[in-house]
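Here come two complexes built around subunit A, the first alongside subunit B, the second alongside subunit C.
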Partner chain A sequence: MPFIPHTKEDIREMLAAIGAPSIEALFDEIPQELRIKSLTGIPEGLAELEVGRLMTERAKLDGTPLSFIGAGAYEHHIPSAVWAITSRGEIYSAYTPYQAEASQGTLQAIYEYQTMIASLTGMQVSNATLYDGGSALAEAALMAVRAHRKSTSMRLLVPASVHPHYRKVAVAMAGNQDLVFDTIPYVRETGRIDMAALTAHAGEDITAVVIPQPNFFGVLEDVDALTDWAHAQGALVIAVVNPTSLALLKPPGEWGAKGVDIVVGEGQPLGVPLSSGGPYFGFMTTRMEHVRQMPGRIVGRTVDLDGREGFTLTLQAREQHIRRGKATSNICTNQGLLMTAATIYMSIMGPEGLERVAAQSAQRTRELVAALTRVKGVRKAFDSPHFHEAVLLLERPAAVVLRELADRGVLGGFDLAADYPELGSALLVCATETKTAADIDRYSAALAEALRAARAA
Partner chain B sequence: MTQIPADIRYAKSHEWAKLLGDGSVEVGISDHAQGALGDLVFVEVPAVGRTLDAGEACAVVESVKAASDVYSPVAGTVTEVNGELANAPELINSDPYGAGWLFRLRPAAAGALDALLTAADYEAVLQAENA
Partner chain C sequence: MPNRREKLIFEYSRPGRGAQGQWPAKAAVPADIPATLRRASRPLLPEVSELEAVRHFTRLSQLNFSIDTHFYPLGSCTMKYNPKACHQYAMLPEFLGRHPLGPESHGQGFLACMYELQEMLKAVTGMRGVSLAPMAGAHGEFAGVAMIRAYHRARGDHARNEIIVPEAAHGTNPATATMCGCVVREIPVMADGDVDFEALKTAVGPQTAGIMLTNPSTLGVFERRIKEVAGIVHAAGGLLYYDGANLNAILGKVRPGDMGFDVIHMNLHKTFSTPHGGGGPGSGAVGVSERLLPFMPIPVVGRDGEQYRWLGERDLPQSIGRLSAFMGNAGVLLRAYVYMRMLGREGMARVGDFATLNANYLLAKLTAAGFDAAYPSRRASHEFIITAKRQAREHNVTAMDIAKRLLDFGFHAPTTYFPLLVPECLLIEPSETESKEALDAFIDAMVAIKREAEGDTQLLKGAPHTLPVRRLDDVRAARQLDLAWRPAATRG
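Showing the complex of A and B:
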């Protein structure tokens, strides 16, 4: 069978069957004035050789700066085997394997992924990925509203220390579906959730409380107390976590007396390259009791008619290919390839390898913070335990200092001015296992120079 | 052969409604509906105390093939739900007009069932669907 399914003859027959004169006629409901006659500003096609040269030249413009930016996307070492295996034909597909008899490789990879991510988060069931961490939080909010049938407020408490992009995405995706996101402030000295501000909501109808760990500042929250407080109010708990950190920290399934209800996060740290911001993938796990409200694909293990083990999509009765407009979600699996890479990354690293990555990242960040705070005009913003990121306060505007650093080949961190203006000149810095002591020395020396330059300007 | 008991009323969307001795109305899905859905694996019933309009989506029956909304045939307030279905959704397949009932409600108005289809009307609806 040819891979391209529609021959001219097929098209002619199909048009004849529905009585349409041409494909163009199928679009006649689109008014003429809305149609674009031809594309403008699109150059002629290039040969592969020319494209290769162009892309090489463009890539050179990026240079090879030393990056200390985290803020949701993390530079980890990716073993070469990860993408070599991911590109094998048996599993190289971004698409939903509806046809189980032709997709056992992909389906088993997804099943293994679900097992690993459920284990990492300490939950019972995982879906086969969402678009990214931000859309995962939005889907978790919508899911919480569906799952919490006693709560009618559709109101969620979201700490200001949740990734600002995730909060914006959640409002953009769910805000027009009558969900309300109330912000809980953080304490300026610690960078942690303001418990007094949170507990002021005691007794209210709250659908869910979002708890980040680590939070956007890299700071570790008192997740046990937060989870128990939320459950005492009858609210569900949505954890937003960094998957690498879970190799060291208590999994959300064990937070507090009962564990959380839904876990989401950004899967990029698990074997997905930074690639200028995407594509990445979001993960989501939950308890069995909420599985029917969980959006997206789920693969199950079963037996065929002859009793042989096999894998297939399961619990799909509420998904878009069956329920159409009434579906739980409209999630596609274009992140399937990244999920496959994450599965292979996790299987190559193993629990021990992942733990070493997490521990080294945390250690390097401690060394980075110690080195940078020895520079005149730099101090720590918060006095709290942190994972592999920390906020530094600079005596000159972060934007100016970052420009000076970039001139010296260092990407110094994420400027918090736009999202957290109350902090003044604040920089979120990150070090992973990819950074050496020499890298940290180089940043530290560059920062001293950058601040001197900024003072002189 | 699809069963359509003559002593209860029906909705075009394949629910049935039965007037009970205490004036409340019991609601379920028809034998035809359960047959079309196939083996039921999960049922979501409305919360007790919820006020429903006639025709409002208030429950979900999920089979291995699809999840479908159930619409309340009459307006009223939910007084009781069938707790057995949480562990045994197959009761709807085996006994759609008996042990497979979904919920009971106190109708907002007396005579609410009069507007619904009789068994003969419903049979005609099914025949029209098959035609």
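Showing the complex of A and C:
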């Protein structure tokens, strides 16, 4: 029996010990009318050899196209050591570290992660991860409402240039608690937050202002001025950042005169494969003064009975298993395995390696934009500093062009038509350190062909 | 397990050291990025060689208990073996490299797996629709209660904002209700572990949005009058939520859909054997009855002829929306898919059989050895509760002491002090993948600990003794917060 070790003799002895005539008799408390005879709709079991063949065939259907899609999930080189270690059974098959003495490996890894991610974002404390970047923004919004004792509006200003899916997740997860998210538009020429539209809210009761860096278009915002304006209004500031970019860019803890209050983002770029969207992990860091409002698990360093250093989950009075209906969040399981992968990734890359990844990605994107805008019918949407993504305007509908490109084995970017129809035919493109000059040439040649095909159609 | 600690990774760090073989070539920072937006000082990341990093994290892993190394009878957590094939085939390069926003034309293999997973989960639960979007059990609970709210609102029934929860419920249940903007109403459980019927009848009314139940309950017993519970709640206009934490117990035996539940979440990291990873990722797929179909979280995978495609806002305009930036924990879902395909129809029914056999065997042997069952008149489901109330009273030995001493014997502790209503509670769940020998060894350890409790309790009270650390000072951890390492020079 797959994964069940019992012999006939075992079963006989065990039933004798229980005093039951059969395994079936163990279900005698379940009302007969509820019992099912067999599971219909489930195929016969497969041996590993057969399931391996099936999965390999399925994987081939997806192929390995050349991708220039970013939009919140980024293809970076992952050192072999990251997943070789993360896949070890002692990490992979361990439970949440509630029994601290039997989980020092996991707990210490979390403490090291908290140290790294707090430093990367320029904040004092980090939790042990949330589900992903989108849900982390939702949790940050709820946390801001708890942390801001003077604001009663439960109203947040969220730029349209925050990832559109993150904004939807925030509404889906926080809207039931009556939080209000007001959208701040961007300037059509620059792709940056419209300061005039933002400052029109001066004097209102605003719980928090969300500031993305880089924003969804890859564009860099004037984060110092935005942070100072928000703080002058008495609002908290929630930064949404890309962790790779922070090797180069000013950490949110240093934005403006005081630094931001809460930082969240998607941790996937730090050693986590694209894998169709998950599992990834959301990170969240904050100031020490807000630590008791933070959702999720937190690890602290302490000592044992003999005075030896050790690690344990702490501040658990915030959490659902203690506080139940009054907890800071209902989150229980988080994304521990991915956090471990990210901690190994950050250790192997170090400050120099991560900086090189960020700089190379930024350079490659500039080369990509230069090559693609040389193609007839393609131009840049925004004239602003950017990180490793950019918006291109096409003279034919992006959806059509992307289909033509996919037929040529190139995934050309993310079509902005559904989320930003006012931009017309717009494509968000990304290049990281994984893209070579030859890859960029291949894309620009394919784009020229695709546009020709689209014109002919 | 090594009885030592491992240095912090930062203590290995030396300026100028690094894993250069992993770095891309040096590139200039683009000139268009203004200096005012640049970082002034480097982040506190370690500067270590690749070998130092590998050795450090390998040594850390050796300080953990895990299923691959230890028996883990952790009640309500279903710590069964995680087959290696599930990991290997979810990690095929095409799956790992697939971008979440890639076109459906380059995702038919992945989407086919997701569609079939939805169908199989519908079949085992008896529900009409499944969304794989939620990323953990609590996230699935959120989706479930949010759907219940959306359903009432869509009918103009705005007064229904109360969620009924039995007092034995997992802490996520009331926390979820709060997150959904609902009021929580707890009802008691009777001495035999079933829900208090009279209390339930009094609790329901025009304010009732729904009830959240686990069956078998967190007390490790099957709620025998579930159909009547469903009748009472439905008659009052409320809906029934099934917390799937204990689905392992009834796999192939009964289906939540047949019991009358309107919405369920499944912990794929429990029942369908995806790894716990030291605290996630989980996966909390939700199943719904007919009336909640329009409200499922997006995206869902649909099929047009031979082609698979994403269903989004346009297909489900009444959806409670997106719960993640992309589509939940896709890689976890692939692992669950491989597991279900390997087990097949017969294998799934065997899960319920042997999880229940193992639990009842442990219960029988432990009670024969003099331990007290919390519900002696009841069958165990896939788990059961031992109460150490007597040991606490007679020998001043608590459930925590027993749990910690088990670690010395090489067993992970059972779940302790949950559910809260059973004093000195040890919630024990062996899962179906453990052999009789493993269970017997655990029983021997429990008997040895009982003997210690009745004699010299010094070893027991001070346990564990053989692990990298002894009991930790949790009060100090919470009072003198040390949540991130700082170099000596900057410590205040």
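Some points to look at:
Throughout what follows, the second predicted complex is superposed on the first by the 411 of 457 C-alpha atoms of A that agree within 3 Å, B and C clash if a C-alpha of one lies under 4 Å from a C-alpha of the other, contacts with A are read in each partner's own complex, and residues count from 1 in each chain.
Assume a contact is a pair of C-beta atoms (placed from the backbone, for glycine too) under 8 Å apart; a residue touches a chain by one contact, two chains touch by 3 or more.
Quick caveat: nothing in here was measured; it's all calculated off a predicted structure.
Once the two complexes are laid over each other on the shared chain, residue contacts for A:L54 go to subunit C alone; subunit B is not touched.
Using the contact criterion defined above for the overlaid structures, shared-chain residue A:L392 touches neither subunit B nor subunit C, since it reaches no partner. Of the two partner chains placed around the shared chain by superposition, subunit C is the only one that A:E13 touches, whereas subunit B remains out of contact.
Once the two complexes are overlaid on the shared chain, A:K326 sits against subunit B and subunit C alike. Legend: residue contacts after superposition of the two complexes on their common chain; A:R149 is shown touching subunit B, with no touch to subunit C. In the superposition on chain A, contact is made by A:R318 with subunit B only, not with subunit C. Counting contacts as defined above, subunit A residues 317, 322-323, 326 meet subunit B in one complex and subunit C in the other.
On subunit B, the positions that touch subunit A within their shared complex are 41-42, 44, 47, 62-67, 69.
Against subunit B, the residues of subunit A that register as touching in their complex are 149-150, 292, 317-318, 322-323, 326.
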